[in-house]
Amino acid sequence: MKIGFVGLGAMGEAMAMCLLKAGHELAVYNRSPQKADRLVEEGAQRADSPSEAARGRDIVFSMLLDDDAVASSTFDENGIMDGLSKDAVHVGCSTISHALAIRLRDEHAARGQTYASATVLGRPPAAQAGELFVILAGAAAAREKVRPALDAFSQRIFEVGSDPAHANIVKLSLNFMIFSTIQQMAEVFSINEKAGIEPKAIFEILTNSFYTAPVHRNYGKIMVEKDYDKPGAPMSLGLKDAELFLAAGGDLRVPLPTASLIRDRFLTALAAGDDRRDFSALFEYARRDAGLTD
Amino acid sequence: MKIGFVGLGAMGEAMAMCLLKAGHELAVYNRSPQKADRLVEEGAQRADSPSEAARGRDIVFSMLLDDDAVASSTFDENGIMDGLSKDAVHVGCSTISHALAIRLRDEHAARGQTYASATVLGRPPAAQAGELFVILAGAAAAREKVRPALDAFSQRIFEVGSDPAHANIVKLSLNFMIFSTIQQMAEVFSINEKAGIEPKAIFEILTNSFYTAPVHRNYGKIMVEKDYDKPGAPMSLGLKDAELFLAAGGDLRVPLPTASLIRDRFLTALAAGDDRRDFSALFEYARRDAGLTD
Amino acid sequence: MKIGFVGLGAMGEAMAMCLLKAGHELAVYNRSPQKADRLVEEGAQRADSPSEAARGRDIVFSMLLDDDAVASSTFDENGIMDGLSKDAVHVGCSTISHALAIRLRDEHAARGQTYASATVLGRPPAAQAGELFVILAGAAAAREKVRPALDAFSQRIFEVGSDPAHANIVKLSLNFMIFSTIQQMAEVFSINEKAGIEPKAIFEILTNSFYTAPVHRNYGKIMVEKDYDKPGAPMSLGLKDAELFLAAGGDLRVPLPTASLIRDRFLTALAAGDDRRDFSALFEYARRDAGLTD
Amino acid sequence: MKIGFVGLGAMGEAMAMCLLKAGHELAVYNRSPQKADRLVEEGAQRADSPSEAARGRDIVFSMLLDDDAVASSTFDENGIMDGLSKDAVHVGCSTISHALAIRLRDEHAARGQTYASATVLGRPPAAQAGELFVILAGAAAAREKVRPALDAFSQRIFEVGSDPAHANIVKLSLNFMIFSTIQQMAEVFSINEKAGIEPKAIFEILTNSFYTAPVHRNYGKIMVEKDYDKPGAPMSLGLKDAELFLAAGGDLRVPLPTASLIRDRFLTALAAGDDRRDFSALFEYARRDAGLTD
């Protein structure tokens, strides 16, 4: 297929590369153009604007940092909306607010265009390996059209119906499950440590009994090893995503008390300057509150 | 070995039966004596008091409902303490407070007796199948002596050192992991349902991506199916265990904000009369707060 | 002085009327023009746009519902910014976000204009009586210029320095003090009621001992009498203001756990459809959680 | 009247002295007998046990530190229960659990004795000046009998009906109002300080507008002045009382989310070693979480 790709950060570049390797004809755009270099070397066409990346394509993906980046790349002059054909699909993969997902859905529809959401679960190495989990939502025809392209970078595609905004609610939910699992374990590790039981010991028990999921094993390991400084998912991103989840709760009038608690914990960590550490460093603030120092 | 067993509820009876089948010579005691009938039929000896169940035994297990039951069965006249030999071990399996675990450890020691904790993870069917997870703590010699007996009802034994009270902290932690996972999923299912996404849909995504642990699958399934009325772990037990975890936090001066939140949710459910439903019915209170009615 | 006034809701109209009665020469603007009728009858000049209300004036006040209304009245074509003289002052009285307060300060400054904040505490009857409390922040010269006008509707003016955004933080803080006092009393009244003590009895004790402030007496009385349906401060406004306070906490990286809790309680009330009741109806949700029904 | 008084800490001694000065015939008991010396010098009779302090008296007051002290002084051998005549009244003034208040009521009744509660609000200087607020509950005849004695140390007596336990619920509620007001102000002062507004400035605005109660003025002042080290109400007492309030909520099945939050904050402060500082030092932990250091 002829595919456009807007947004070539660590995730976007890896996903675009998968599409290229799968044989799709790719046009790519990134605000800092050098991020497109490797893809262009591998055969992608360089676009000079989001609209150019979209023009004449069957599908255009956007995979950008936040609401502002998605909104400007879509709605501004030379944005995706300007270039998208009526029979093409704009597929939003970014982690954005529920409100923006609805706006994208509605403004594209008002222009006779089609918007679908395909949010993704997984970090850059999984994207490189083509092993993301994808949450797909949109009109049935759009989903059918998009699936073969998604296959290029996903190990499994979950469909959640015709409303694109649903894929965003699901994505925010999945991220919240990560944060709240970290906070659970932070409390558990702290009380055990204060009682004289090594976090590693309780971690081994957890992950060899009923708490064996990747979310336990992967984040618990970082916490036990205090390995917070590898490039991963930074605390600032944690706060952003927790706030998006809470904002969705506000829009839909759903109180989310555990998420409220987690936002407060992220703010505590950020107030102490931990912006760039992995968000599993929430453990250190549970430790601090327990009077554990070292 | 010659083993005594005090407390023959659903868990205790199943564990005792495993010991019997493994060839141990068993004396059993329960306050309501008829609960011992099946074991006596299978060859156990009926004891008329905890002290008699303990007297002359290598090991005496206690598996009772709560602090009061353990304290009276141990410290009262004709309690375990009265019958326990100096070279025997009292192995506490009950889910009790950190404070009582310390008292058991210290009072037995003051009498020259040995106390160890072997808390268990799993429901009665797992106990019947001999597939519990066991958390064992106590003096090295006591642990060595006790392990062969524990093998009768456990799939795996985790050792957490020489302080018996540590096995209780770990057990309370594991239970908290269950409650807080239920509350996480309750919030997630509620916002999805309010947005128009079936809890079953998000449950499938969770349990086929990063949230694949038994704790997700087992409790999530009950929640999705609203199957709260099968005999399981009732809300009142959830409150008891959350309060024990918080009390341990109080003793050790460790704030546990997620646990505090969960205690409040249990109280809300109990105030509405849900004492006997499975504690995963917390979902219904997240739904109520979200304005979901049906 | 020659004064402009933009925004003639219940508060704005009352404040403008005070200015008129104090002898100021007033131009008024409201999007729905009939809201200006009474003021025009009393001698105010009708302006056809915010910029016209601002043009040639010494001071222009804005008193609008929310961020969107303030931003469009200020920054859009024919907004206040278009009409404001370099030697005049735009005085923002609205309850707005910390972020917008900063933007107003900075964009006016970038145009060589002066912005000050004069947020107000009190309900419409206090505004009519000229008995508001005013929180004033801005450059010293601007504060000096503005004070005589503020005297028209205030019983007391508190100055909080030269940064206009400070008056907004203070205002959001004062509103939070109201909400959290309501929630405190909601918990207290609920446990007393469940124990068999009438809320009125505990209310009398509170307000005749150490809890004698207007915030206790006024909101406690509404709660005890369940007098939630008089036009007052609706739940939806409570949520808005709690979210503004939390957003300021986010901007400044300050966790505000009590405010997080209150946002969740407002959402619970709104999910149940209580948008238009007085926000002290939070009591009814504390009662519901306590299993109190009537 | 002939009055006994058990428990001569700072509060109890001051209350007993008021009774003596009012002309009552007083027998006093304290576990550490030297605490009775001043009262004996002033004319009180020294009792050698709680039962002796109660024997032959019309009223015996108990004013002790905690549940354990009250229970042992009442129920143990030579306790109040042993000495109390059938036509006398045991008046409990201590801040105790709801559960113990019920036990005192019921066990006295079972012995044909009368128990009433008269909990007090105020610190030692108010007790010395005879200006406590008293919450009185018990049978009508007992209340009538007791009131003239209470007049000796109270500025006002609030009656809350015939169930003695009600006076304890009210007392725990009043203490919670203090803690939660401190936490409110801690959050408000922190966000203002981080924004660049001195806590003193916002304190002045609060206490000169709608937040003028003693609870605001007295604790706010300590917080603004960081005057936490004067002997006052220590953090450890704050935790104890918050836990009693939460335990009452547990007994009555009333979730108290603000109280849960406050317990966590007290634990954080105690984990850091602040046991002996005034509990208004919660402010310092709100500051720490906001990244304010100095």
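Letters are used for the chains, namely A, B, C and D, taken in the order the chains are written, and counting of residues starts over at 1 for each.
Criterion: a contact is a pair of C-beta atoms (placed from the backbone, for glycine too) under 8 Å apart; a residue touches a chain by one contact, two chains touch by 3 or more.
These are the chains along with the protein names UniProt gives them: A, B, C, D = 6-phosphogluconate dehydrogenase.
Here the structure is a predicted model, which means the values were calculated and not measured.
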item	value
Equivalent-chain rotation between subunit D and subunit B, CA atoms, steps of 5 degrees	180
Furthest chain, CA centroid comparison against subunit D	A
Centroid distance [mean C-alpha coordinates] between subunit C and subunit A, Å	37
Separation of mean Cα positions, subunit D and subunit A [Å, integer]	53
Subunit D, residues touching no fewer than two other chains	249, 253-257, 261, 264, 267-268, 271, 289-291
Touching residues (chain side subunit C, partner subunit B) in the complex	264, 267-268, 271-273, 289-291
Residue numbers on subunit B that touch subunit A, as the complex places them	98, 121, 133, 135, 156, 158, 160-161, 163, 165-166, 169-170, 173-174, 176-178, 180-181, 183-185, 187-188, 190-192, 194-197, 201-202, 204-206, 208-216, 218, 245, 248-249, 252-259, 261, 289-291
Subunit C to subunit A touching residues, read off their complex	239, 243, 249-250, 253-257, 260-261, 263-265, 267-268, 270-271
